[in-house]
Amino acid sequence: MIQEGGAIEHPEARVNGASFSAWPKDLYIPPEALEVFLDQFEGPLDLLLYLIRKHQIDILDIPLADLTEQYMVYVQAMRHHQLHLAADYLVMAAWLIELKVRFLIPVPETVGDQEEEEDPRWVLAQRLLAYEKMKAAALRLQDHPQQGREFLVARVVHDGPASPFAPGVGLADLHCAWQQMGRRLQRSRHHRIIREGLSVRETMTRILKVLKQQTHLTFQELFLKERGRSHLVVHFVAVLELVRESLIEVIQIEALGPLHLRRAGQNEGLEGRA
Amino acid sequence: MNGEENVVGRYVLVLEAALLCSSQPLSISQLRRLFDPELPAPRIHQALRDLQAQWKERGVSLVQVASGWRFQSAPWVQAWLERLEREPGPRYSRAVMETLAIIAWRQPVTRGDIEEIRGVTVSSPILKTLEERGWIEAVGQRETPGRPTLFGTTRSFLDHLGLRTLCDLPALDGHTEGKEDGIPALT
Amino acid sequence: MNGEENVVGRYVLVLEAALLCSSQPLSISQLRRLFDPELPAPRIHQALRDLQAQWKERGVSLVQVASGWRFQSAPWVQAWLERLEREPGPRYSRAVMETLAIIAWRQPVTRGDIEEIRGVTVSSPILKTLEERGWIEAVGQRETPGRPTLFGTTRSFLDHLGLRTLCDLPALDGHTEGKEDGIPALT
């Protein structure tokens, strides 16, 4: 696309003595490659900046015709491959062509005192510089220390509500709820409360959680890590309680063999292992 | 600046910063992993004891809860901190609180058990509220017809209450010592 | 227990606890309101300076950001704290960051201004992302046809960056140093 006379001053690539500053039109560019290439740009200004920096063009002295034509190479390639072309790229193409026309065709000086027409190259340069500055600003922002990345904020827990939308609950509230419920029920029922060690209940829950993840558990596994007699007793009582509530089964596959715990009503899995 | 050369003197400060800035309680193994090479557990324990002593008389204290260690406000500053809260915040309904209490003290329980105790139907949103809050979870199924789900409380529930284990829940015989409190035991 | 009798000695501890526990930075007027009767602002300032000095060499420091004072981790502990973080914070696309940069350095701006500078259409999700994050907000309308919304950054944006004012944003000298770029400076 580059015309002989209009070649830019600092061509980047030389092949066999000929300078190339844009992809030859007949060069096959796989659509995916083009897409990937274009994905790196945030838009037409970003692409223009890339072209200018790549060819070391002085931004204050832009060869409008060449830049426009190089830009059009990409736009043409995109259209040729019927890639989805963001309208922004076409708008920019139209604007570049307009600038080029304004640059090439001198404005007739019919109106004497009219304000001097701005150099279209300067208009383009201003836009590119403004964009480049903001591009740099975005990087500065990205690099600036950020909460959660370069520093963390102290967040010590306190008893107030966790967040306006998630009410908190205190021990007193919980206890109070229980007591009120008790008082309410006392009027209608006459059951006797049986005191249960909570540690037994907790252990029951823990055993069930383990049995949710693995099909069975041997007695040894259950007691191995626990220290002390009270742990042993708590676990044993928990197992008995779970059996009583038909939540688990205890099986022994062979005489004097290891005892296995498994969830009640689960019939598969153990035979194959024994 | 890096402080690696002086890490021995600094690790207490690192532990303090990690505990002050973490949104979750930190376990000993997490605290060990702060350092490379990992610090031996006894060193961590010693440092935690030192920190606990340093913070003893302050408005914030270092405590151990179910899933590890964390800093939390001391009870005596609560009166001041409450003035910061703009509004008292929503509260859970009685139904939610009672359901939670039953699950806490009677776990593992099924929805049927809760209904049995409360004497009223337990609606799905109640259990969902508590599950979404991360305070209860399904821990299994009872092998009875219909295989109902059994619920238990989670570690975050204990963390929220600042408790280490369920045994730290207040005993329920307290006010009704020797008396029945009207709540049926599960059979 | 209440400590009212000794409040003079204790108010620094109360301030410390409040600042450590608050999820948001606390302003001087919020800090004054912790006390009844309210403490005069100079006393609060003095206490903050004392606290700042006390925490100077620690892993957490007391800093002032746009919406007030808060404790945050010191840069030197970051290397350790990073080992704790399960997931890194979200990374925003270049489109989002460029839009945010334009709003930060050129505010107040309309969507049209942003499109003019970037040369591309600014999609609604981009502005929505930034609004939902609490970093930008509508600050008015330009009195031109269509009365487009003017956007500016919020205090939480500055808080997030640990900055006190927009003037603390890094300077944008770069390659255009000393040259006129026709872009008005921030006021």
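Note that the chains are named A, B and C in the order they appear, and that numbering of residues resets to 1 at the start of each chain.
Keep in mind that, in the parts below, contacts are C-beta pairs under 8 Å (C-beta built on N, C-alpha and C of every residue); 3 or more make two chains touch, one makes a residue touch a chain.
From a predicted model like this one, the values you see are computed outputs, not experimental measurements.
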item	value
Core chain by centroid distance, with centroids computed from Cα atoms only	A
Label of the chain whose CA centroid is most distant from the centroid of chain C	B
Chain A and chain C: spacing of chain centres that average the CA atoms, whole Å	23
Where chain B and chain C are represented by their mean Cα positions, the distance between them in whole Å	32
In chain B, residues with contacts to at least two other chains	20-22, 60, 71, 73, 81
Chain A: positions in contact with at least two other chains	152-158
Residue ranges of chain A touching chain B (in the complex, touch as defined)	152-162, 164-171, 173-199, 201-202, 204-205, 208-209, 211-212, 245-247, 263-265
Residues on chain B engaged by chain C in the complex (per definition of touch)	1-3, 10, 13-14, 16-18, 20-22, 26, 30, 33-36, 57-60, 71, 73-74, 76-77, 79-81, 83-84
Complex contacts: residues of chain C adjacent to chain A	17, 19-21, 23, 60, 70-75, 78, 81, 88-89, 92, 94-95, 97-98, 100-102, 104-106, 117-121, 159-162, 169-170, 172, 174-176, 181-183
Sites on chain A touched by chain C in the complex	42-46, 86-88, 92, 126-127, 129-142, 144-158
